[in-house]
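In the two assemblies presented below, subunit A is common to both, partnered first by subunit B and then by subunit C.
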Partner chain A sequence: MPFMHGSMPLRRTFFYLQQGKVKLRDNVNVFSMGFHKNPTPEQSGARDFVYWNWAQLQYHNPKVQLVKHADKVVTPFARAYLNDGREVLFDLDGMKREEIEKLLAKTLGKTELVERREHLESIAKLNPADFGSKNERQCMCEVQGQHPCTGLLRAPQCVTGKYRWNHNLI
Partner chain B sequence: MPKTSVWKTRVGTQILMGKITDITQIGIDRIPCAQVRCQMNEFNIYLKKYFARSFDFWALDKTSLGNIGDTVLIKQIDGSSRPKANVSHAVDRVVFKFGNIVDPVTGRKIFNDTFADEIDLKKVLVEEVVDKPLEEESMLFEERRALQIRRLEQEKEANV
Partner chain C sequence: MLINSSRLSISSTGRCLLASAMSQMDEVFGVQKRQMGRRQPKQGKPPILPPSKKVLYHVVHAPWQKPEDVEELLWRRHAYNNAVISLREVFRAELAQNASHGQGIEAMKEAEALELDELIAQNEKRNEEKRAARKEREAEDAKETKSVILEEIRVELEKRNAGKKQAEDEVKNAISRSSEFITRSNLETKILEALEKPTIYDFAIDRAGNKYFVPEPVKYQEGTPTRQKGRLYDQTLGTQHGTIEEANKIQQKSV
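Here is the complex of A and B:
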């Protein structure tokens, strides 16, 4: 019953996770953020960003390690570590949550062209002949003309493994 | 239905940030090594929530950069330069020193969620800012406090 109240039903959905706009570049390895759990008005933007957008950020960047530094420093900050060892430091003092999101997407996010190219590459990888639990088609019996699953309709003896390879010894 | 509701983390281990939990020496040369505890988020598909899970990595620390409690950045090293099979990383830099937190934005030292130089300034100015308003006995506490705060702000602006 408490799940129906407040922000929890909003934040705990796949639809909400997919709404995230920040897709970090491939060379960002670690992203850390310093915020306060009881913020002053200048620090509340970072706190709101962590509350609302942290899960979205991790969902869209599964290979980036996200680290929180709660109540550690005075000024809220965000710091990204790149592949070659460089750091990108953001001062988030006095910023709103939407401004932080735009700043991250603008500075460290992928451009629209890169996103489109990656989307097209992922489309090109699809093969309609594949089937299995990780593909669009779960089972071969979905194809028209194929034999249904043997749980539904018994298969003739000549195509069963028991007959073909075990010679019906059991 | 999977056996568990947790999606395993897919965070790459090339560069990681973690906290040093143990320091030891390995081998005949007694090379210093640090055990670094790195937190990664794992997704629970039932609750649709990320939970932080810690993984321990051993990292080379040839120059003894870090101490126990420091937050460090570790980098993966290739197999030929590993002194031991389970030491897979090397300490690259110290991000936050334990007991000596420095604000990365302003570069000022932090003590108990306050800048250390502000505490020093208050200590120096305690006689001028706090004691003088006490001489005027008719003021209430709030007025006295407001006067003290105003004087402290003036001294701060004068010092900058």
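Here is the complex of A and C:
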């Protein structure tokens, strides 16, 4: 199995995917990147970024369309298409992988302000009366004073669905 | 034989035998028959029967709580609900105040947009700088490439000139040597010269460059020349001299 050799399996591990630093803003709809498969030393940073960080980008930005352009133009570049129609171009000539990551995280990444705003919005959206996997509590039985789920404690016969008061009715 | 006998016999056992044999044949020839039979009855009481005496009229009486406990719990519930309502009011007021002072979500969004504009402008500036630097670098590279190409052209021209000069020299030498060429006028004398000084190429040579003539060349052939030459060269040549350099050294020493 050639895929299991070298650094290939490493960059697909869950831990490695979680280490990605580039979390693009909500403004970014599409992110494309031009690189070279056989690069010169000036172009190798973009290729390395694609090799090492592309999976992390995909993991952290599931709603962004990510496009790769291999061997299209001389200068390696990155281009982001924002939701208001603007395009942001990055010239990646002569940059290392770490520099590219830093640049993208700084320019298009979520800043402290964005994160604070999103946190506040999530708080405002939160309703303690809601139940479910996306809410604060999964079930009513987690509330203090309420009856626990029947999976944890058997309910009395009179509150189960099978209980019938008057068997003559049905 | 069995089938025939069962057909002939009238007894019930014979019919059973026939039926079982037919079913076996059906299975052998791939004809499937659905096994029709009674279903298993469900466990428990049939629905048509009335509830048992144990179940019927067995009413569960929840134990009554003490009135003071009920009162206390009601009071606590009211207090809790009022506290929650008050807190909600406090938070609402805080949010409204933040929004009025420009600290609300909308204000944050505006600040974000400004921040993004600023970052994009910085990026544009950096792109421009890189573009200018690349243009300058490419101009330098072009200049260097041009000089390299010119140098290559110069070397190639020099090489061609040298070759041309060499060819001219060769032609001039040939012209100067042409006085000794064989023509109709000097043919007789050249033939006589060749007869006087014959050039013989029938020799063996070793690594040191020594030539071995077998048989020894003679100016004029006398008698019948030997026919079998195969064993004449049946000797080890040049082993005593080694390479050319060694032979030269030996010669120099001997001189």
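Just a few scattered comments:
In this section, the second predicted complex is superposed on the first by the 108 of 170 C-alpha atoms of A that agree within 3 Å, B and C clash if a C-alpha of one lies under 4 Å from a C-alpha of the other, contacts with A are read in each partner's own complex, and residues count from 1 in each chain.
The rule is simple: contacts are C-beta pairs under 8 Å (C-beta built on N, C-alpha and C of every residue); 3 or more make two chains touch, one makes a residue touch a chain.
Predicted model, so just to flag it, every value in this text is computed and none were measured.
In the superposed model, A:Q157 lies in contact with subunit C only, and not with subunit B. In the superposed model, A:E121 lies in contact with subunit C only, and not with subunit B. In the superposition on chain A, A:Y59 contacts subunit B only, with no contact to subunit C. Taking subunit B and subunit C in turn and counting the residues of subunit A each one touches, the greater count comes from B. By the touch criterion stated above, A:K72 is placed in contact with subunit B alone, subunit C being left untouched.
Contact with subunit C, but none with subunit B, is seen for A:L113 once the two complexes are overlaid on the shared chain. Looking at the shared chain after the overlay, A:R86 reaches subunit C, while subunit B stays out of its contact range. In the overlay built on the shared chain, the residue A:V30 is in contact with subunit B alone; subunit C does not reach it. Across the two superposed structures, the residue set of subunit A contacted by subunit B and also by subunit C is 75, 89, 91, 93. On the subunit A side of its complex with subunit C, the touching residues are 25, 27, 75, 86, 88-91, 93-94, 103, 106-108, 111, 113-114, 116-117, 120-121, 124, 156-158, 167. On the subunit B side of its complex with subunit A, the touching residues are 9-12, 14-17, 38-41, 43, 47-50, 71, 73, 75, 92, 95-96, 101, 103-106, 110, 113-115. Interface residues of subunit C facing subunit A in the complex, by the touch rule stated above, are 50-51, 55-56, 60, 95, 105, 108-109, 111-112, 115-116, 119-120, 122-123, 126-127, 130-131, 134.
Residues 11-14, 17, 29-30, 32, 34, 54-55, 58-59, 62-67, 69, 71-75, 77, 79, 81, 83, 85, 89, 91, 93 of subunit A touch subunit B in their complex.
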